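Here come two complexes built around chain A, the first alongside chain B, the second alongside chain C.
Then we have the complex of A and B:
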């Protein structure tokens, strides 16, 4: 508890204890190499060339691009997505650095280090939260990865995607696009064509990663999109906990973020993937904000393997994401714990897909939606049991908390069972905070605002408890900040 | 002491919407005193507790209510709490997901902030929780559960007195604290209230029955009827009520 206190204070210092406005909305004024707006085969080739990629990767991109041209944007979600002009976006923006990419922190532009400091992400290892290694990504490139050497001693690879392509091409080639094929969906195809950077993680057989691995994504440049890719491979009997965080400046225009995360887990290995998503959500009237259209999927390939997704979604103007698990290995386990908060004019359509293929596979889904203001918040989840998935089990709990008269909460569960031995459970609740609860808190000296924060955090606790301790406190604060002004 | 009176209520009129329930209440409570407010159902006892503590369901039409010289009416309920007013609820609400520890910590530190004091550290706070828990024999397990969630009737009332012990109010109002309590729970709750009594604080016990007053001895007994205090006296008045019932009050005040 004492620890928690210090952490709390630290985060409070970083965030500045004032009015609860978006604290990450600043812009770093740094020279940036931005390619002209527009998307064509030439642009795809240019990105690949800038990154010095091998032919096979260029071919992967081009194939994805050609297929994307024939695809159209998905319209099935409960979202009102304005038309996006893909020719008005710049697909590559890199803060200017020395050509080779910095080897040590001394070589990283101090302005970049400052930027991440302001975001509460220290790139100086001795000052870092103990037990967390960070890959810091700004716009299209990775700025710096901490603790690399220490991890390398264990055979763990944790580096930017670009470095992985350069240093471990065989590993990348073996796994890239195997869980999320380039043609999986419109945004996945777009990402596969133009993805810039991201993180690569490989945990060798029998290794338990001794620290949290984390990637911090930052959009800085205007008029750009962010298209990063994360690939995590956990070999037999290994374990890793991975966390991503994201922020962006406040701008009146919308910015597109279309990422892909792929996870492959081998026999008896486990990957825990946590997200604290706080992209800029737009202003009260819904101007600006990030469109967060993300494809995340994990493959439990090995026997008794496990993937656990935890997400706390507080930001973005529009969120479209369904982190899923393909439970292929017998006895494999998939988990999805989600808190999605929307306020003002935010829209979220998020949930998961649990695809049971192997025997005795198990999945758990706990989704907590919190809607305030004029926002729209939807849970959309698919549980599919394939014919061969003898003894599959799923438990789904889907709760909605409504904080205003003008918001919407929606639930779209899809259950598709092809094996009679499967047991699938779905529970759903909708609730709101009562005036009696508020007055009870008031009488004990707790202000209405703080009372709502307590109750909302209590409501989300089951999911928040799944977050690594280092990030739980910040996530709690984010929840309270996000709902401010949206109650009533 | 500059102001001898802890609570001074003058001409208090209040109700729900246009429906007047309290029709001019006068009451003075000095430090160290225990006052009992009795009366038949619907006489306005719980309304009086709600109006003093700032329950937003009630509208105040006029009068004043000063606690330690500070006017309460018009003040937000959380500030009334910080000024030293505590209400033990007749029906304590459940707050799922919020642990008693977090709840009380928020309450204690909000008060300290109001009084310009530093927040308590985690270890100081937990130590205090342990001490206060003993006063009402509250199980450690209850303290780690969500606020009132799944508590029995008796546990809820004990939990109210536990919170009172933690917040150390100047004036406590116990609203029908005896309702729904068996004799053992009643003894524990009343014992807790008596242990917390000092010559600086005061208690208003709102009750329908004499039973609770066997355990918490009042210095004064007031009878509230149709929104007015129609009778005040010593402890013997409660016994008289027990014997005669409320009918004679009703007859006298037709």
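Then we have the complex of A and C:
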């Protein structure tokens, strides 16, 4: 009986979400330390001071800021980006806590813990998701990192970026900005100047990280942007799987999120980076929502190293994101698996970059775009084979599925081959769900709406299979919710 | 001086001469083009869709423009040695941008078919030419090549096929660049097929041996009425001193069909742009492209096919073989409007790099705004299949020959879809010679149509 109740409740949960509403749209009422709006050198200095940073990091920020002043916003993507007033954003917001930062979970503001509980991210050790260590980042600062001690036993460093700067300055200094230079692009320069927190991961030689590491990002305060930075270093023969999730409250104004993720992989090491991006996407008319301008890049520096990007993009009003791999080490491998879903007035321009430099480097790209409502969804990818990349191999498959008469699906692959021994293949298709498939399902008593969910999940399965188990279930439900109401 | 500015200045200072030697229809859009081109930045290498072509470099040399229409001599034998054997074509010569009909052309043109100089046609029937001239090109004010051509074009070719007329024999136009001093040729071509008309047009581009470096800046506008069909093949066999910037615009009405092929066997620096607009329903369009390049040649093809109406079909197939330090680029896009239901659109670009220094850039793109469509594209860059090569060698075929066979097979589907059978076999022969490293293509063709045509 109890089981049955549970089952009903679970169903109700699912049904409750099925009205297509964004269930993470609440606001946490918590005292937040926000600096005044605007961006100037003084603001950059203030952020650095608030975080008690060393001089070298301030210099890094200032250099980036000065470069940023001379840069202009990229307009090449297939996106209609309204002008953003960078002086109307507050660049630092921190939920107020005791000065020292929490030593244990008991010291964390219970309201914060509640917030993350509501998001389904439990910070409480006893209720922990089995085998997942979480770093929770709210607005500009890291709130809490779980499982730190257990990881420390293996020599794994998993902490907030600020802690890393404080405790491991040499490591941070050695790797910061090495994959994504401060002046890489407009948003990267902005992030480098004002980034507030994020996660730092270091996996020592020969260590296979026993649990999934996860960062959960949450924008809470109004009128702020989120500028976090993630740096992952995997030393020789190590392995780590890293997950990233994000949500934001429903607000009428747009919020800016400009993040950087840098990954460095040494000899024979492997990093698997998975993202379920579910920032608030705006309402049906396209009011509000997060502008998601993210620079993610990994460097396969070592021989036979491997980076695998998996992303499920369902949120954000505008997504501008191209996780890439620089395959420098011989025999290194890059992978990119992506499902990007857009509905209502969402716009996404996302894809990857695979830069083959080393010999016998291999890359695989599988991208599945799904557009519904009035949304625009583009795949943009670059595969470059440098002159020295003997025997490089790339296979790209990118499919688009159109679910409505008013949406758009676009494919913009760029292939540059400068080596005659390379083999590069690209395939793309665009289509809608066939009426035969719907009819087949209808015939067997499955409603059209359900059938579409089923078919879409089947279509995206190739990518979903690459997600860690904890994420896959969530991602699959998210997929069905996102496309609801957008079909027709 | 700035590469583009020199031509703007030339026009500004000599507008009277440019217009004085050209008919009113061609002069009409010049002020608009002048306005558009002033202040335009020429795209350099690295700009979107300009991966191997640098317009500032191509336009930089101090080319002259024959604005006073000084007649150029042309050696007919030289020009026609590339006539098609075993097939009778209606042959005409265009020297730089001046049209010269052969006597056989004049004798054999059926009623309802006009093949003549654009300037003459515009004078004789300004209404007809004016109805079409510059209507497609004017929509591209940011395209420097098109604007430059509109600004300076004084002559070129005019083909008009009246309603329901079927031109049985292929029309062969030999475009000969034969300047004695460095020259920019702004050639303009207008091809109009009225309702139900049919024709095949083969354009062979040559540069006369021993001529000075030249740049051909050509704009072609093609109009196909309802149910019309045009087979349009451009074959370039110029030399390494020749630059070619050729923009082709086409508009297809209901049930019209366009088969366009761009074949580059010898060139210096070539950039072809195809912009096909399909406002008609059930229209079909196929663009084929083939390039074999070596040395320091660059071949750059850019295509855009715009579907605006339901039930249309388009197909693009481009193949490249690049050797030595050659560079190739393919930038193709398919745009399907919200109204263009039941569109089938395909695009394929396959390339072979035959040397370490050769480079290929490919960007096949889809922009789809409608859900009732079937669209796909594919691109590959690679080498000859090692297994196939081994198979052939293990059966006693020498490596060079085996390679040749594979390369010919690679090019076969572009050649096979050309609608003039005699041209197919001719092309196979040309490709074989080209692949074997013979760059003096024409010298073996002396047996072809000859001077008595004139």
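Just so we're on the same page, the second predicted complex is superposed on the first by the 470 of 488 C-alpha atoms of A that agree within 3 Å, B and C clash if a C-alpha of one lies under 4 Å from a C-alpha of the other, contacts with A are read in each partner's own complex, and residues count from 1 in each chain.
Heads up, the rule we're going with is that contacts are C-beta pairs under 8 Å (C-beta built on N, C-alpha and C of every residue); 3 or more make two chains touch, one makes a residue touch a chain.
Treat the numbers as computed from the prediction; the structure is a model and nothing was measured.
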item	value
Chain B versus chain C as contact partner of A:41, first or second or both or neither	neither
Which of chain B and chain C A:435 touches, first, second, both or neither	first
Residue contacts on chain A - larger count, chain B or chain C	C
Interface residues of chain A shared between complexes with chain B and chain C	none
Residues of chain A defined as touching chain C within the complex	76, 78, 385, 387, 400, 402-432
Chain A-facing residues of chain C, complex	48, 51, 338, 351, 353-356, 358-383
Contact set on chain B toward chain A in their complex	53-57, 76-78, 80-82, 86-87, 89, 92-93, 95-99, 102-104, 106-107, 110-111, 114, 121-123, 126, 146, 163, 167
Complex contacts: residues of chain A adjacent to chain B	1-2, 4-5, 434-437, 439-448, 450, 454-455, 457-462
